[in-house]
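The following pair of complexes shares a single chain, subunit A, combined with subunit B in the former and subunit C in the latter.
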Partner chain A sequence: MAALSNPFKSLKSQAARREAFAAYIFLSPYLLVTLIFTVGVFGFAIYISFTDFNLFTAPEWVGLKHYQSLFTDRKFIRSLVNAFYYALVVVPVQTSLAILLAVVLNAPMRAKQFFRTIFYAPSVTSSVVISFIFWWLYLKTGYINFAFTKIWGLFGAEWEMINWLNDPRGLFQLILAPFGVNIPSSLWYLRGPSITWMAIMAQNIFTTVPTFMIMFLAALQDIPPSLYEAASIDGASKRQQFFKVTLPMLRPVILLVVVLGTIGTWQIFDQVAILTAGGPLDTTLTPVYLIYTEALGVSGPSRMGYAASRAFVLGLIIFFFTFIQRRFIERGTEHN
Partner chain B sequence: MKNSLERLNIPRLLVYAVLLFYTGISLLPLIWMTSVSMMTLGEVNAGLVWPRAINASPCILVTTDEYRVEGQTYSRTRITISIPEEAAAQQGGLAARSALREANVINRNEHFRIPFITNYCAAWQEANLGRYIYNTLRIVVITVAGTVTFCTLAAYAFARIKFTGRELLFALMLATLMIPDIVTDLPNFLIVSKVGEFFGSGGLGWCNVRNCWTNNWPALTIPFMASAISIFLMRQHFATIPNELWDAARMDGAGHLRFLLQVVVPLSRPVILVIVLFTFIGSWNALAWPLLVTNDDSWRPISVGLLQFLQTEGNLAHLRMAGVMITLLPILLLYALTQRTFIEGISTSGLKG
Partner chain C sequence: MASIPANVGTGKTAARVMITRKQVVTALRYLLLSAVGLLVFAPFILSFLGSFKTNAEIIAFPPTLFPAEWQVGNWPRLFRTDLGGLPRPEGTTSIGLIVGLFAFYLTFLLTGMSNKKGDEGVPMRVGLPLALLLIGLGSLGVSLFLGSQVPGASMMLRSSTAVAIGLLMLIALAIIGMSEPDWRRVLVALAGSLLVGALVTWLFHQLAILAGGGRFLRWFFNTALLSVIRAFLQLIFCSMAAYAFARLKFPGKGLIFSFMLASMMLPGAVTLVPAYVLIARLEWINKFFGIVFPGIVTAFGIFLLTQFLKAIPRDLEESALVDGASYFQIYRDIILPLARPALLTLFILQFQAMWNDYLTPLLYLNTADMWVLNVALQVFQQNFKAEWNLVLVGAMVNAVPILLLFFFFSRYYIEGVSYAGVKG
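Presenting the complex of A and B:
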């Protein structure tokens, strides 16, 4: 009787149930894969980080051991300092270069499409390919040294050939050396990024700038022309227009690019694995490379628990920087 | 006169200067690489900027081979690569290898030879690139088909069906985007091994080896089929399709699956194409994961194969660069043909993703 008393309601709920059933059928392949290989794996990684696990014997619970050893882990700290230098140089340089190129490409001109196509080409190539092109350019007898020799020669100076991919001398060490300041190797963190590390930075900037340039270009085309008209009626110069109109309008994209850039730089792996294996003298050792080699037991037994705990710490650091940048850039927006 | 002076103003020249400079930076590595990939070893060592001549030789053969396997004689017409002795000697770094012939070929009937750049033939042969490209294409096809199927279905459910738990599931999906790959890569390898053993000969027996997944296509493709960013992109697009279309389709008796296949998918071709392209490039360039889950040539993709070749070829820069060129050209060609879609994809996924 109850079902008969309100036929519409039961019909409606039946239809809703059918809809929900269809939805879950549609979602099931995705949910199955993501539950095992994303959510499940994430949980498993948390568990492993509290154990000693060498891939062959069963994981052994050790509690917080791997997290307590964090602050005395010289190799991990070294890799974090390297990654910090890396992000500190690469993110600002690639972001400003991408903005510059986007603004230039956005100017009314011929062959815009042509330049855009050419500029983006390095970004579709794989890290193996790009790394080997640069390996070859960076040889002691390679084109980079050749170019420097020619340029130095123009001023009558002699260029000292640099072994780009195997030179541990740090930036600050090189700058201070002429003043007779010698930084001892125990203070390695004061020596600054090594020549090899800067060479890899240059390569990374080269491959990521085009993607960000395209993102800025799209954002530039969304800025209404009326804003520039209004600004020029108010007597703003081109320079003022760039700083007072263009940059503020680009702010959301700048945030996105800086965040994406930070995440990418803190996770750098391929170039290091292919070109330097963390050397020379650990100056290009990165957290991800350390985590991989420790987990797979490249030098000694596999240490999965250690690797998983370092991976979480790295994940937290990336999250922290993303959060800071968001606050920093969003606060800038509120003032305008 | 005034007109042309106006056109040649300073900022404009500056713009073109920046553009040309950066064009140079983008293209020079490619040009250098092309040049070295055509040199002889002698020319590389002499530090030439450009080879004296393009060193081609008739190195692609069409042959009918008779070969013996386990006492049986077979005959097959095929394309093989063989570098003439004198060309191998001239190129350098090749002489010992060009003499290699397959041991079981007993009679070779040569039809004709096609000339090609000698280094490219040598790199193709030495690095076994044909095998790796074939593997990569298989991996790419499976990954793309799986990703598009899984993600289209999921995106449709999120965009067009009302059900309890939708908002929560969607938020959880977005949250999975925040987990860095490095946290999951290695535990993922362990889970994939376990799943593979579950299906393997010791478990359900779906294949006749102990582990069905590692060193096989499932490990290389299935974990990537649940792509949250693809679902997000498609959902955004599916949500813009007017409701009137759904009402009309339902009047005609169509269900969700029919509406998805006959109306939504055709209307969403651009966004699906973007996902296909990016999945393709991602699979083609993948390195760290295939390195973990493959241990022989049966499914090893091109990036791993190329890396091995580059690491074993020592200082033979001319062969290295030829190998790099062969793996790079298909991607550059694909990019050249579809660059409009690419650029759209980056703009939308970047800005709205």
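Presenting the complex of A and C:
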């Protein structure tokens, strides 16, 4: 028996070996690229963050210097606070708007394809193009101010023209000003997101909602109709159906959209680089923009080590928030 | 439906109220959608109309909807503007070599293998060394070409490029070589493909010189080439990896796949600085290599295709395996045709991703002849600050190809995005 089964076994293992060999050859381009540009580069990033150097000098080991200066680094903290405000506003607004639009679009109707295509246009266009279009719309003499003038005019009020892309006044500062409260510039973090920052938030929401809407639409179509039938037999109203059937069934996609949104908003770069370069008064400075300018030395000497260490801190923050969100949303699923 | 309540006898008025209410809801829904649709599309319409206005008209207050006089000349004026800068040899050579590499790949994979195994002709112990020699000569040719075209090309640039292109050629040889092919045919195909690659390299080198330096035509050429080449290379390499993940058994599969999924969650900001240092050390700044080589395969692309392949039945491949087909034949003749819809989806998504990318080209391409449209548009705006009409024409030239692509293939777009979302 052993003599009979042995050659068969070796043949089988030979075929298995051939298969594994083939698989590794098919995988080799990926393995090569990922070993160099993901694993290698990641290790290199750790090393760089403990050194001081620019492109022209050799790395010089400085230990924890860049991590020790973290809490006194006013610019970096400022960029983190800005990014935090940004994520805090953009992620919930874009997620709920996307769900709302998807639910409306999901009803049986004509011209669905047409509306879908129209809605998706802003998110397929490059953020650079959208930024330039919005720059023009946000001009003091642009359409946005014009629209506000008209709307204010309906109520007989006068609209004060706003220089949207160069206005450092913060949201809470504006709200409190009529009560005679003035927030000093040393308490800048209490002033809230500046007008310019909120203008960029609005632009970003405009471009990301459609992508997420498509994800929700696909998920909505996967919800079995029998669930709604059962709910309506039990006498659930449309609103109850939305909260008791639709939202729980959408939970995995909501998680994905929130996580993707968080990763995206904390790393916002394009709009800032084109529209404001971090200004006015650093109210739109973001971590990735700071990392970019410091690494390349756009304003001053190139500081690669500093930039790499800040990138790690940013990565940890993003990881922390996505982890919390995952725990939070998944725990909600268990309760149901 | 409408007649049912009337028959039941709850009263005609109730039925009428039901109908009208339903109609009102439908009408409201269409109204809402049209309003949102108009709002969403308004920036595009406004800027398209704006691109035909005069300088003064475009920043006048109150703004008008239509131009008083249609300035059709704005569009050709954009293409005539020249921000200066001549095509540099480094840039044009890198464009040529990348397109040449791509042409080599396509020709070799398509012609390198016959369906019947040849037992006559060149045996492996002769064929393999000869093929390796050919590839070595090809790499040497790359290095010599760079040396002859780029004045003062450093050793680092010549060797890093030759090694990268040589490695990719070796992978192509390994893919075909593992299937016990007819080695005479492999040698002929390899020599032919190297020739095709060289010809295409030279052709695109000339085209890039013709397109000029700091002009819109050149930026359009750069952007289109980068997007097409990167998306096509991803189709080849992502589908290969996806075939391995979806169909083949090999040790370490689960580990590599989980690693790949984890790497998709790694924020790009973390690797930004070291990747830039690495590309700068390889002397690939201001060359197409620095953008194309790291992007020939992405975790997202592999993941998308793997999920698709897992869902299609295996009957065809199993009978082909029994008939003695090699893995490469199965991949080329069965898997690729079956995966066509997913491949088209991936192509469109990756084409769009490269076309719309801003940070990577901003980092790696910074001379006037190497810019892509996104980067060029920013410099252009700084130079023509007062001329918003020209800037808007530039924005439209950048947006229109992507919008057209989307309107024609919106089904594939939507499938790709929702697929990544739902199944992720």
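The rule we apply is simple: the second predicted complex is superposed on the first by the 331 of 336 C-alpha atoms of A that agree within 3 Å, B and C clash if a C-alpha of one lies under 4 Å from a C-alpha of the other, contacts with A are read in each partner's own complex, and residues count from 1 in each chain.
The working rule: a contact is a pair of C-beta atoms (placed from the backbone, for glycine too) under 8 Å apart; a residue touches a chain by one contact, two chains touch by 3 or more.
Remember, predicted model here, so these are calculated numbers, not experimental data.
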Check your understanding: Superposed on subunit A, are subunit B and subunit C clashing or fitting side by side?
Key -> clash
Check your understanding: For A:109, is the partner it touches subunit B (first), subunit C (second), both, or none of the two (neither)?
Key -> both
Check your understanding: Who does A:238 touch here: subunit B (first), subunit C (second), both, or neither?
Key -> first
Review point. Which partner does A:30 contact after superposing on A: first (subunit B), second (subunit C), both, neither?
Key: both
**Study point:** Which superposed partner A:219 touches (first subunit B, second subunit C, both, neither)
**Key:** both
**Study point:** Candidates 6-14, 168-176, 186-194 or 276-284 of subunit C: the single one with C-alpha clashes against subunit B
**Key:** 276-284
Check your understanding: For subunit A, which residues belong to both interfaces, subunit B and subunit C?
Key -> 16, 19-20, 22-24, 26-27, 29-31, 33-34, 36-38, 40-42, 44-45, 48, 55, 101, 104-105, 107, 109, 115-122, 124-129, 132-134, 136-137, 141, 143, 146, 206, 210-211, 214-215, 217-219, 253, 256, 263, 267, 269-270, 273-274, 287-288, 291-292, 295-296, 304, 307-308, 311-312, 314-315, 318
Check your understanding: What does subunit C use to touch subunit A in their complex?
Key -> 26, 29-30, 32-33, 36-37, 40-41, 43-44, 46-47, 50, 58-63, 167-168, 171, 174-175, 178, 237-238, 240-241, 243-244, 248-251, 253, 256, 260, 263, 265-278, 280, 293-294, 296-297, 299, 302, 327-328, 331, 352, 355-356, 358-359, 362-363, 373-374, 377-378, 381, 388, 391-392, 394-395, 398-399, 402-403, 405-407, 410, 413-414, 417-419, 421-422, 424
**Study point:** Contacting residues of subunit A [partner subunit B, same complex]
**Key:** 16, 19-20, 22-24, 26-27, 29-31, 33-34, 36-42, 44-45, 48, 55, 100-101, 104-105, 107, 109, 115-122, 124-129, 132-134, 136-137, 141, 143, 146, 206, 210-211, 214-215, 217-219, 238, 253, 256, 260, 263, 267, 269-270, 273-274, 287-288, 291-292, 295-296, 304, 307-308, 311-312, 314-315, 318-319
Revision key, fill the gap. The subunit A residues in contact with subunit C across the complex are 16, 19-34, 36-38, 40-42, 44-45, 48, 55, 101, 104-105, 107, 109, 113, 115-122, 124-130, 132-134, 136-137, 139-143, 145-146, 149, 206, 210-211, 214-215, 217-219, 222, 253, 256-257, 263, 266-267, 269-270, 273-274, 287-288, 291-292, 295-296, 304, 307-308, 311-312, 314-315, 318, 322
Revision key, fill the gap. Per the touch rule above, subunit B residues touching subunit A in the complex are 11-12, 15-16, 18-19, 22-23, 25-27, 29-30, 32-33, 36, 47, 149-151, 153-154, 156-158, 161-164, 166, 169, 173, 176, 178-184, 186-188, 190-192, 195, 222-223, 225-226, 228, 231, 255-256, 281, 284-285, 287-288, 303, 306-307, 310, 317, 320-321, 324, 327-328, 331-332, 334-336, 339, 342-343, 346-348, 350-351
